[in-house]
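Naming follows writing order (A, B and C), and every chain is counted from residue 1.
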Amino acid sequence: MSDSDWLSRRTVLKQAGVGAGLVGLAGCSSSGGDGGDEGDSGGEDTETEASMDETTTTSSSGSDDEVRVGFLHPTSGPFAALGEAQQRGSEVATAHVNEDLGGILGNNVRRFVEDTEGDPSTGREMARRHVETNDVDVLIGGVSGAVNLSVADYAYDVGVPYFAYGGPEEITGEECLPTTFRYQYSDAQIARSGAEWALENLGSRVWIHIADYAFGQSIARTWKDAFEASGLDYTIVNETQTPLGTSDYSAVISQIQSSDADWVLQGFSGSDAVNFLSQAEQFELGQDIMSTTNTYLPLRQGAGSSAVGTYTTIRYEPTYESEANQMLVDRYTSTFDEPPTDFALVMWSSLRLYAQAAESAGSLETSAVVSAMEGLESDEPMGSTTMRECDHQAVRDGFVGRITEPDQYDWPGQEIVATRTADDITRTCEETGCDLPSL
Amino acid sequence: MSMLETTNLHKRFGELQAVDDVNLSIDREGIHSIIGPNGAGKSTLFHLLTGYLNPTGGEIRYKDEDIAGLPPRKIVQKGISRSFQIADLFEGLTVKENLQIATQALDEKRNSLWVDSESLTTTLEKTEQLLEDIELVDLADVRADALSHGDQRKLEIGLALAVEPDLILLDEPTAGMGKQESVQMVRLIRRLVDERDIKLILIEHDIGIVMRISDRISVLNRGQIIAEGSPEEIQQNERVQEAYIGTKRGEASE
Amino acid sequence: MSTNQLAFLILNGLALSMLYILIASGFAVIFGITDVLNFAHGVFYMLGAYLAFTVVDATGSFAIALILGPLVVAGLGIGIERLTLHYIYDRSPLYHVLITFGVLLIVTDVVEFVWGTGTKFFPTPDLLGGAVSIGPVIYPRYRLFTIAAGACIAFLTWALFRYSDFGLIVRGGAQDKQTVRLMGVNISRYYTLIFGLGTFLAAIAGALAAPFLSVNPAMGDDALIIAFVVVAIGGLGSFGGSIVAGVIVGFIQTITNTFASEISGFVLYLLLFGVLILKPEGILGAYEIREQAAKLSYDRTIDPLNLTDRRVLVVLGLLLLIPLAFEGFSLSQYGMGLIALMFVWGILALSLDTVTGYTGLISFGHAAFYGIGSYAVALLTVHFTSSFVLGLAAAVTVAAVVAWLVGAVSARLSGLYFAVVTFAVGQMLYQLALSWSGFTGGSNGLAIDNVTLLGALDLSNTFVFYYLALSLLVLCYYLVKRIMDSPFGLQLKAIRESERRAKFLGYDTNKAKRRVFAISGAVGGVAGALFTTRQTFTSPDTLYWIVSGDALFAVILGGVGTLYGPIIGGAVLLGLDQALTIYFDYWRLILGAVLIFIVLFAPRGLVSFYYIFEDRLGDDDPAGGTANPETVAPRDEEEAVQE
């Protein structure tokens, strides 16, 4: 009768697939599985205890025997394409944990998905829906840094572990939180993967062009730090910016064209990057382009031939040889008939790391999981990974690559041209500025 | 002494000289009518006198004060009110609300945010009185856009009167009415104006009516005053007849 | 500056100008003739690009795509016009705006459904690929082609209006519908064709832009904003003005992009704002507000309900009881929080109704006040205090002051200009919030600590927040209702019905507009303040124009001009949105359809269903005395009962 009851039931039914809809219409009562597992909510702060008790009693299906995982994917809005890629990732990750690892603590993982619409407010609202009506044990996902930060803040408030996807260094830096973990590279790791290599191989004269928003600004900042940290000689010829969502780059491209810069650092993603790349191709821009984002499959698909020949730090490459990667590739390609992406990788590894921590803690209780997570080592598809205790950032190797002509698929591929060690690319604990508050 | 006087009043729309060097002197007493063929500039003249349009040049003196270029509301506050050729009513509101808004304009609490508009007793009393005066008591709760054409014209006059002007300019108050109705309308106007001792300036196309009720008539053609005088004098004037013959038909079809 | 740079500047400026002219011309054509601000212009542009993409994919020919795509879109435009706008040209532009907003929602989802959400790579046609050297520089061939094509299309369109019979008739019809009708021409048929032509131009612009801008679902938004700005600067309703403005805007944008890229996001808005202040009718605006084109009128008078009305009391009683009655049973925190957010949306819609429903001014920038309220609380909490009372005071004050200024700037504009100015203000603030990241947190937004009420109550507690939002909703309604019952409120109604008449009664209508804007802004600020308090977060999205569109949607959905209707509308819209996102991936499509349905068949929104129902009952018993008193008691009787 009440809205929320109906909402939560719908959410559940949505997860369970089409068949369950009929059951819902037949009036599946909320009495079915109302007994909440105390273990589920045991980790909550005392101040939210009331709410937790309430949600456990209202959840419309049993939670005794399942681990409830709340994924946040922007399946509509500006990041919709990325959100959909993430969603495919979370689907295979869940199947992997259930089928290959035997679930978590012997229980099945149940996957809930909500759409953040790429909007931080909606993201927070959806995180709230996950916690309050889906009664999840852990939150994973979000694409943009803004959504990540707002969800992380909420997750800390209610004491639920959260695996971020976004890159801003403050997520595991100045705004680090005990409940927040990140398997994804931080922007600083990415910058250090690419900066030194680019100065050595592309030249010392750099033109930085970014989109004027958090992500772009973060790229400019972290790369300049990384240039400094490399100890090499470099010159920043110019630093320019365009507003997010700019479609015409002719002014800046002609400026770069007529400058003596060796290469351009491209500080934006999505359709901005596609526009920039295709216009750079039309203008026959002479300078090399280095990016942190051209590795993304949706971007390569969007930019097509205009991305070929540009350089990028690589977040994920399906042909990378490791046993863990083979598992991901097999499962993903057999489900979706296309290679996995970075979005899938991060969902996959985040859920795996959570599962391993819960196993070793022997509980889903937040504080136990958090302790188990700190220092956890695991072999993940892109190599071995350590979840660092001081800032909850995954520490792993970095890669630089080049976009190549289409080969196996319709869109351009990428080849790894350099590998950087985890230690080289990761800031020290002191540098991060992270001071974890108490849980 | 004249109440309203214009000196070399001009209004130009691009190439068109809509009001051309008009010198008009209107006495305090009696009814003054302005006639002329379609497009002669009668309405434009009214627009200039009431501040709806700004003159391109010239002076308008009202009670010895230059009012040219003042916004309409300032001119209204000085005591000049008007009606429009096509009734401009608050169509979605009832007759009573229409008049209430109009009478409220004189109330010192007209801008108050906090008192209930139904508590302004003086305004309400005046509204009731006006309803009676314009013979719309029975239709007080009917929306203005549901009134018959004739009643809308009455309401239009009521709105113009509600602000208690000293001078009222009526732009074809009988437009679109039958002969019988027009006569009644004119009678009503005459009574209302006399009761309140308001100076009336009238634009009217029915020459018969004009001749019957006017004390003085100005004839406008192509933006210029071509004749002025008593009804008898105007009837005799050749230039007036000339100006009218060519356009008589158009004038009748309105 | 080197010749090299200068050459680039000129070519880039030309290319951008032509693109802007192309984008704006379809919008200008439709507006100039039919007085419809077509918010769906952007999606038709996008559709043109996607169809071209598909045709190129299938046939490999860009030339075919350039003809076929726009023709299909024009057909679609004609179909949409025939089914919707065609019947409501005589209604207020508010309804036109909302119909096209509904079309925007639907087409966006259809595009995402058919083509997916990713950015599509649109290869440059082979013939036009690569670059050629022009004087000192090497310039892309395709851009040169767009410059030529843009000039051609603009010229042909201009010539069509200038020299053909068709042009003569539609221009005549735009000036004076009656006369053209008397001449035996069915002008509404021409309106259909004009709409078709406008969508054709939008689509061809999209198809031409596709190879040098990418094809993605966000492209429509940009195009809409550009069209809006260019047409408003050029002068609403002046095709020549749009061309001049396109060139000016294109070059100024290029110059800014080159020399001051930090502010390039603002240029459009600054230009627009400057023009509207200095020359409100636009550079070449010969457009006179056509009387009925600006007016919002209602077929039926629906008075706001008193708080003491029995029906209102019953609803309030239920709302008060909900959290208590269900506590510990089945209503989750989430559901209660959702109802509280419905209250917030109710307040926002109420705020808009004072300006739009009561005063008849179409505001398409109410997100500005919502966002200001939201940021006021966030910034205060971050920097000074977590006191809700102080945050609310700041939100209300700042929002009221900004609203007053907006009112002051735009008071002398009426009708659709008003919509354009408010839109520009909202977008300018959005851009500001996005760019001024040191202060606003930029696109990351601002996360804040929990806000407290009177130092004791933690407002992150859903229970407490629920009652706070409910009481503020009731308080706002009480205040607004009281103001609307005042002599000032009567003035507002007078302005809505006829501003000219109100002026000729001696009212200072500009002052009244400034004041009502300030009041509306203050109430909008309350909504924003509550939103941030609930979310402990804000971001530039609170200022985005879609929020303004949603607010108008809510007002119409509930019942424009009734004060309580919009509250219902806001609540229902939020509920609908939340519910639909769970059921359907393509919920925007459904919302768009609901909006169009409401506009066409129930222009007074949900509350009118009640009155239609009441009329049915009333047929049996016109006095309404003995029928169910719950439903048929007129307002006055109801009050008498209370006393």
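What we mean here is this: a contact is a pair of C-beta atoms (placed from the backbone, for glycine too) under 8 Å apart; a residue touches a chain by one contact, two chains touch by 3 or more.
Here the structure is a predicted model, which is why all the values come from computation and not from measurement.
Counting steps between touching chains, the shortest path from chain A to chain B takes 2. Ranked by how close its mean Cα position lies to the mean of all protein Cα atoms, the top chain is C. Our note on geometry: chain A versus chain B, Cα centroid distance of 73 Å, whole angstroms.
Taking the mean of the C-alpha atoms as each chain's centre, chain A and chain C sit 33 Å apart.
Distance between chain B and chain C, defined via averaged C-alpha coordinates, is recorded as 40 Å.
For chain C in complex with chain A, the touching residues are 2, 4-5, 8-9, 12, 15-16, 19, 112, 116-124, 129-131, 137-143, 209, 211-214, 216-219, 221-222, 253-254, 257-258, 261-262, 264-265, 326, 328, 330-339, 431, 434-435, 437, 442-445, 447, 450, 458, 460, 462, 531, 535-539, 541-542, 575, 578-579, 581-583, 585, 588.
Residues 1-5, 7-8, 10-11, 14, 30, 47, 51, 54-55, 57-58, 75-76, 78, 80-81, 83-84, 115, 119-121, 124-125, 128-129, 132-133, 144-146, 149-150, 153-154, 157, 168, 212-215, 217, 240-248, 250-252, 254-255, 257-258, 270-271, 274-275, 278-279, 281-284, 298-299, 301-306 of chain A touch chain C in their complex.
Against chain C, the residues of chain B that register as touching in their complex are 50, 52, 71-73, 76-77, 81-82, 88-94, 97, 100-102, 104-107, 109-118, 120, 143, 145, 159, 162-163.
Of all residues in chain C, those touching chain B in their complex are 297-298, 301, 482-483, 485-491, 493-494, 496-498, 500-509, 511-512, 515, 519.
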